[in-house]
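Below you'll find a set of structures to go through.
Two complexes follow with chain A in common, the first pairing it with chain B and the second with chain C.
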Partner chain A sequence: LKGYTKYFGTKFIWFVITFICAFILNFILPRLMPGDPVAAIVARFAQGATNATGVQAIYQRYTELFGTNRPMIEQFFIYVRNVFQGDFGYSIAQYPRTVADVLKSSIWWTMCLQFPAIIVGWMIGNTLGVLAAYLRKGFDRVLMPISIFLSNLPAFGMAVILLVVFAVGLKWFPTSGGYGYDMIPNFSWSFIWSVIVHYQLPFWSIVLINIGGQAIGMRSMSIYELNADYVKYARFLGIKDWKIIGYVFRNAMLPQVTGLALSIGTMITGALVAEIIFSYPGLGTTILSAVLGGDYPLISATTLILSLMVLVATFLIEILYGFIDPRIKAAQSD
Partner chain B sequence: MKHLLQQVFRSPKFLVGFGIFMAMLLLVIIYPLFITNPPLEILSQGTFLPPGIYVSVYDSIDASTRYTLLLDDAAAKRIASKLGDDDRLAMQEWLLAVGVSENEIDLQDTAKLLEQWENHYDPAAKIPGMTNAKRNYYIRLDVSLDGLLSTEGAIIAKNNAQTGSLEQKEIIEQTDYVNINQVPNVRVLPLGTDNFGRDVLTELVKATGVSLVIGFVAGTIATLIGLILGLLAGYIGDVVDDGIMFLTNLFTVIPGFVLLILISFSIGQEQRGAVTIAVVIGFTSWVWTARAVRAQVISLRNRDHVNLSKLSGHSIFHIIITDILPYIASYVVMALILQISLGILAEAGLSILGLGPKTTEVPTLGLMMNWAMIYQAQILGKWWAYFPVIVTIALISFSMNLMNTGLDQVFNPALRE
Partner chain C sequence: MKRLTVILSILMALSILMGACAAPTATEEVAVVTEEAAAPTAEEEVEPTEAPPDAAAVAAALPRNETLYFNGQQWGAVVGWNPYSTSMNNAMTIAQQDNARVLMFETPYAYNMLDGQMYPLLADGPFAWNDARTEITFKLKEAAKWSDGTQLTAEDVAYTWTANVKYGTNVGNNNVDYIEDIVAVDPQTVVVKAKLDEEGNAVNPLIVVAYLSSNYVIQKAWTETLEARVGGDATELMADPAEDVVYSGPYHKFFADDSKVVLVRDDNYWGQDASMWGKLPVPKYLTHTIFKDNAAGTTALKAGEVDVSQQFNSNVQDLWLVDGLPISTYLPDAPYGIGASLPTAYYNLKAHGLDQVAVRKAIAMAVDYPTIIANAMTNQSATFDQVPRSLMNPTPGEQALYDQAVVADLQFAGNDVEGAKALLDAAGIVDTDDDGIREYEGQKLSYIATCPNGWSDWQAAIEVVAAAGADIGIEITSNYPEWSVYQTVVTASDQPLPDGYDILMMWSDGAGPTQPWSRIRHLLSSEYVGMAGNWNGNWGQYSNPDVDALIQAIPTETDPDKLKEIYTELVRLYLTDVPSFTLMYRPQSFHTVNESVWTNFPHADDGTDPPVPPLDLMDGWSVAGLYNLTLVNP
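Showing the complex of A and B:
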C-alpha cells in the first residue's frame, strides 16, 4: 500500500480542490444573480405576516446568517464558518425546522437508495454487456435493442412506467413514499418491511436505467477485447469459455470504472428526478418541495450536499481504480 | 462531401433515426397550420377528460334530421355500458350477502339478475363489514340501473315560461340516431385534456417544438463552447491546455445538473423563459465536447499537413480552420446531435423539479410532465397526460442516438459490422 501514497495523494489533493471550487460556486452563483437572496427569503416568510417587528427580526437573522450587509469576501468566510458548524439557517417552507435537520432526515434515504441501485445496475449492465459480446447471435439480438431502448428512456419515464404498471395497475407495490404513511419510523419488523416494500420500485427503476447504457458500453469494449491476441491464444490453448469471459471482463471493465467515475454525477442527478416520481423522502423530493416553497436556504444547502456526495463517490471510485488497474500498481512500485 | 453524404444516407441506422426525427419535425411544423387552436387554451371544466370525440349533447338532441337505425345489438351494448362485469360481480356479492343462494344467480342473464336485484336490494339494509364507500357505490349502481330494460324513449320537455310547467316537446326513441357530420359542435380530443383542461395533443405538438428549440439552442451553445475550448487546449497546449483542462476536470466532477438547479433557482421564476433555460443548459454541459475535441486535436496536432502549414507561416487561426477543423467536423456534428438530445432531457429533468421555464406562456415536454406529476395523473390512471410525453422524449432521444450510431459507423470504419 505504501507505493500508492503518490497516487492517492494526487487524487486527494484534486478532491480537495474540486470541493473548494464547488463550494465557492455554490456560494457565488446565487449572489451573482440579480436580487437580494435575503429579501427573497423574508418576502416568503412575511407573506401574510402582520407583525412588523417579527419580519424585521427575520430579516436581521438572515442578514446576519448570510452577512449580506458586509463585503463579499467577509460574507464568504461567514458562510464557511456557518457551514462547518452545520448551520444552514432555518428552512422557510418547513419552519421552524432547520435546514440541517431537513437534510439529515432526507440524505440517508437518497444514499441508501442511489448508491446500491447505481452499483447493482452497473454490475448487471456490465455482465450483460460481456455476455452479449461473447455469445452474440440470439442473446445479442434481444439484449441490444432492449438496452438501446432502456438507455434512451429518461429516468423519470422509467420510474413512471414502473409506477403505473406495478403500483397502480398490479398493486404489487405502494405508489409513493419511503414507508407506510400510517407509520412512525421505528425498529419494528412491520416498519422495516414497509421500508423494503417501498424501496423496490425506485430501486429497480434506477437499476434498469443504468443497465442499458452500461451494457452498450461494455459490449463494445468487450468486442474490442475479444479480438485481442490473448483471447485467440487462450482459445487456441483450449481454455474454458467462462474463464476467457472472466479475462475479457476484467480487461474491459477498467474503462467502465473510469466511465462510472465520470458519469456518477449524471446518474445521481438523474435519479433525483426518479425519486420525485415516487415521492421518495430523499434529496430529490426535498429539492422539489424547496423549489415549490421558494425555500432558498434549503436549495442552496441541498446543492452543496449533492456536490459533496458526487465528489466523494468519484473520489472513492478513483481510489478503487488505483487498486484494480495493474498499470497504476506497476507505476507505483517503480 | 457529396460522397460522404451519400454514404451517410446509406446507413440504415442513420436513415431510421433521421426518418423518425424528420417525421416529428414535420408534424411540429405542419400540425399548427391545420389546427390553429392556441395550444394553451383551456377547453374543459374539470381535469383530465379522457381521449375521444366529444359531441354536443344539446346539438345532437336538436339535430334537424334524426335517423332510425334498427341494430340488433343496440340494447345489449346499452346494457353492457351501464352494467359492466365488475358491477355484476358486485351485485352478486350483495345478493349472496342477503341470502340468495349462489346457484340461483346467473351473471350473464341480465334480465334475471336485474329482477333479483330489484327484489333484494334495500338501501337501508346493513350488511356487516361493508364500508361506507361500498354502500354509496351500491346506491349509485341502483340509480343507474333504473329503467335499464325499458324500451320506451326518453321525453324531451320544455319549460313553459307562462305556466311554469313542463311541456312535452318530443320523444327520442331508442332507435334514433344522428349523423355526427350534421352535429355542429364536435371536438376531437385524440389525447384528451390535461389537468388544466387543455387539449393534450395540441399542447404536446407545441411542447415538442419548444423542447426541440431548447435542445437546439442548448446543444449549439454547449458544442460551440466545447469546440472552442477543446481546440484551444488541444492545439495551443502548455498553460492554456493546463488551464482549460483544470476547468474541464472541475466541471466533470461537479455535476452540471446541480449547477443547473442552482442557477435556475437563482434566476428566479420571472426571468426563466424557455430560451434562458436553454442558454443555462448550454453553459453547463460543454464539458464532454471539450474533452473529446481536445483529445482529437492532440492526435492531429503533429500530423504532417499541420506541420507543413505551420512552416508556411499560416496563423494559428488559419491552421485551426483549414487544417484541423475539417478533420474533426464529423465528430463535432455527432457531439452536437448528442448535446441536443441531452439538452432536451436536461430541460425535462429541470422542469420536473419545478425549475422549468415560466409556466404560463409556452409548454415544454418537461413542463407537461411536471404538471401531470403534480396533479398525480400517474396515480389516477390518466395515461394520456404523461405517457405521450414520455414516448415523445424517448423517441427524440432514440432517433438522435440512432443517427449518431449511424454516423459513427460511417466515420469510424472500425465500428462497422
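Showing the complex of A and C:
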C-alpha cells in the first residue's frame, strides 16, 4: 500500500497543478477574444439614443459593473475571490441573469440527455464490438459496415434523418422541444409521458452515433484479445462461450473505459447538434452563444466546470486503474 | 441456436437497461421544472383583483381552442418583466418602439403603420397641440385601470417620465433632448411640454408626438415600490426582474421557462369597456414557443403547432402551393408582406476610391438586386423595378411623400454592368496594368464587403455585391466577423472604420410615427460622425451640410408641399452621392399564419376599418386583430 500512496500522491499533485493551469486559462482565454461584450448591453440601452454623453455614461456604468475597465490581473483576483464564494457573477449576454441562474435552468436537461445516451451508446457499442469479434462471419460482415457508416455520419446528419423520418414523415415522435408545445410543466403522467416521448429522438441521435465508434474500437481490441493464449487455453478447457466473451470483454475494455470517462467528463458542453435540430433545452446552445457573444463570466464558469469534470473523471480512472490494471499494481509493489 | 440465444439475451438485457435509464431521466426533469412552475402561483399574490388559473389548474395541457401560438419573437429565456429595462429579453411584453408592443403594458396611443394614424388606447380622443406647437394635451380614458384595480391617472404618465429621466433609461435618454417635461393637469389630463430651441420653437415636434405611441405608461405606485426596493440605484432598478409589476394591458405572465413563454388574459382588463374594445381579446392564452433556430420554427408552423410566425420562412409560398397547408401571408402573392425597412450597404467613405462618387455608384449599379431578392429574401421583398429606390419604404404613404419623376434619371435597379463600366471609364478610373482590376490614383480598387456571421440572408446579399465588383473590374471579397466583434467596430464612429469594413451592411428604420424623417436622419445625418457608441446610423460616416440642413428642417415643417419638396431633394442628394445603397425591402415583422385552429387573421383588404396591420397581433394597432379572431371549429 505504501507504493500506492506514492502513486496516488503523484497523481493528486498533477491533478492540482493541471487544475490551477486550467483555472487560469479559463479566465484568460475568453478575455483575449476580440470584441467588447459590454458593448452588447450598451447597445440595448443606447438603441436610438442621440445623446452621446448619455451613451458614454451607460457604457461606463456597465464596464464598471463587469469590471472590464480594470487591469486584467485585478479582474482575475476579483474573479478568484468570487468563484471561491460560489459567485460566478452576471452573464453579460443575458444580463441581468446570473451565470448560476443560466446554468441552473438548462444543466439538468443536458445531463439527463447526455449521461444516459453516453452510457447506453457505450454499452451497446462495446457489446456489439465483442460479439462481432467473437462471432465473426455474417454478424461481423453486417455489423462492421453499419458501424463504419454510423461512426462517420456527422451528428447533424443523424439528427436530421431521425427528424425527417420519425417526426416529420411517420409522425411517431414530436419534432421539437423538451416537452409538449401545449404543456406547462407539472407532475402528471401526461407531462412525464410527453417528456419521455420528446426525449427519444435527441437521445437516439446521440446513441446511434456513439455505437458505431465504440463497436469498431471494441471489435479491434477484442480480436487482439481473442488471439491471446488464455483464450485458446480456455477453449481447450471447454469453458463456455459466454464466459470466454466475459473475459475478453473485461480485458479489451480498459481503453474503452478511459474513453467513457472522458465522454462523461465533457458531457456538460451539451449535445449541441441535438439541441439545435430538435430545439431541445440544454447548455449546448447557451455555451455556443456565450462564446460567440464573448460572455466571459458564462464561458469561464462552464469551462471551469468542464475542466473540473474532466480532471475528476481522469483522476478517478487513474485510481481505478491502479487497482484493476495488474501492470500498475506490479510496478507499485516493486 | 446457442449463439442466437446469446445475442437475444444480451439485447433483452440492454433494452431493460435502456428503459431503466430513460425513465428516471424524465422524472428528474419533471422535478426540476416543477419548481419553476411555482412561479405563476407566486405572481397571483400580487393580483388581488383576479384569480387566473395556475399551472396546476390547467392540468397538463393548455386548451388548444383557447391558445394562440407564436414563434420568432422570443429567442432564449425571458429575464424579467421590468418595463423600465431594455435587458429583460421579454419579446412578448416589452418593446417600446415605433409600433410599441401593447399586450401587457400600454401606450396612450397605438400607431397603425398602414394608414400612419395614431389611435387612442389609454388616451381618450385625439391629442391637441397648442397654437405655438410647444405643448401637447391629451386626456386619459375614465375606464383605464391598472391590473390591481386602481385608476390609471395622468399622475402615472407624468411619473413614468420622471422616473425614465431620473434613472437614465433608454426611454429617458432617447427623449430627454426633445421633451422638457410631462405634467398632470388633473387626474385625466396630461400635458407634454416640448423642449424649445433658442427661438422658442419645439426642438423636434415629431419626436414629441411619437412619444405618445412608443412609450408605456407605468404605474406610479409600483414604480415607487421598485425605487424603494433598489434604494434608488439606477443599475439595480433596471436589473430588477419585476415579477410583481402592475400593468394595464390585456395579458400578463402565466408561465416562462427555457422552452416557452405563456401569457394569460386578464379577464378584468379595463379595455372591455365600451369606450375601448367593448370586449376581451379572443384567445385566453398567448404562448410563444422558444425554438433554437428558424428551421425548427418552420417545422412547427407546418405541423400546426404555431399559429402566428414572426420569422423568415424561406420560400413561404411553398407552404400553401406545394404542401397544401392552410398557411397564408398578409399578401397572397410576392412580396407577401408590407416592406417597411431598408437593409442597406454602407460605404466606408474614407476608404481609398470609395471617396469617389463614380466608384460608389458603379458598384451600386452593377449589383444584381433581383438575385438578392430572389435568393436572400425568396421574393419576400418588392423589387427596385416595382418600388424605385429612394429613402422611403414601399408603403403608399411614404411613397407619396416625394416626387418620383424628379429623381427618375438617377435611378438604378441593378445589373447595369455596362452603365457602371461606362461611368468608371468616364471618371478615368480604368485598368492601367491589365490585371483585370481598375486603379484609382495608381492604387488597385480592392475592397472587403462584410456583415455579421450567421446572418444568412445578409451574407447571401453581400456575396452578390462581391460578384458585382468582379463584373466591373473592382475586387470585392467578403468577410463575416462574429456579431460581437462587428458591432463593436461598426458603432465606433469616433474613429475611421478599420480595414475589412469597406462595404458593410446594417439596418435602417422601419415604419413609425417619425418616419421617414427618422430613417433619413439615421441614414444620412452627420450628427453621428464622431459618436463613440453610435447605435443610430450613418455608419459609413457621410457628411453633407446641405443634407443636414434639410433633415433639420423637416420636424418643424407643417406645409405638405414644402415637405414634399424637402423629401424629394433629400432623395435626389442620396441618389447622387450614393453614400450607401439599399439591397432589399424588408417587412416590419414577418407575419405568416396557420389557419388550422384560428382564423380571421389580418390580411390585405380584409375589410377591417381602420385596417389591422400585419404585425403579429401585438405591435401598435395590430393588437386589434386579437379581438377579431375566430375558431375554425368552434
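Quick note on the criterion: the second predicted complex is superposed on the first by the 207 of 334 C-alpha atoms of A that agree within 3 Å, B and C clash if a C-alpha of one lies under 4 Å from a C-alpha of the other, contacts with A are read in each partner's own complex, and residues count from 1 in each chain.
We adopt the following convention: contacts are C-beta pairs under 8 Å (C-beta built on N, C-alpha and C of every residue); 3 or more make two chains touch, one makes a residue touch a chain.
Keep in mind it's a predicted model, so treat the numbers as computed, not measured.
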Which of chain B and chain C A:S190 touches, first, second, both or neither: second
Partner chain in contact with A:V168 - chain B first, chain C second, else both or neither: both
Chain B versus chain C as contact partner of A:S105, first or second or both or neither: second
Which superposed partner A:T303 touches (first chain B, second chain C, both, neither): first
First (chain B), second (chain C), both or neither touched by A:L131: second
Partner chain in contact with A:T10 - chain B first, chain C second, else both or neither: neither
Touching partner for A:G177 - first (chain B), second (chain C), both, neither: second
Which of chain B and chain C A:T18 touches, first, second, both or neither: first
Touched partner set for A:Q60, first chain B, second chain C, both or neither: neither
Contact residues of chain A, present in both the chain B and the chain C interface: 33-35, 40, 163, 168, 175-176, 276-277, 292
Complex contacts: residues of chain A adjacent to chain C: 33-37, 39-52, 54-59, 61-62, 65, 94-97, 102, 105-106, 108-109, 112-113, 115-116, 119-120, 123-124, 127, 131, 135, 139, 163, 167-168, 175-188, 190-192, 194-196, 199, 203, 241-242, 245, 275-281, 285, 289, 292-294
Touching residues on chain A, where the partner in the complex is chain B: 14, 17-18, 21-22, 25-26, 29-30, 32-35, 40, 148-149, 151-157, 160-161, 163-164, 168, 175-176, 220, 262, 265-266, 268-270, 272-273, 276-277, 284, 287-288, 291-292, 296, 299-300, 303, 306-307, 310-311, 314
Complex contact set, residues of chain B against chain A: 249-250, 252-259, 261-263, 265-268, 271, 345, 348-349, 352-355, 369, 373, 378-379, 381, 383, 386-387, 390, 393-394, 397-398, 401, 415
In the complex, chain C residues that touch chain A: 2-3, 6-7, 10, 14, 17-18, 21-23, 25-30, 32-34, 36-37, 55-56, 58-62, 64, 67, 69, 76-77, 79-80, 85-87, 89, 168-170, 173-174, 176-177, 234-235, 238-241, 254-255, 257-260, 262, 287, 289-293, 295-296, 299-300, 303, 305, 454, 482-485, 487-488, 491, 527-528, 531-533, 535-536
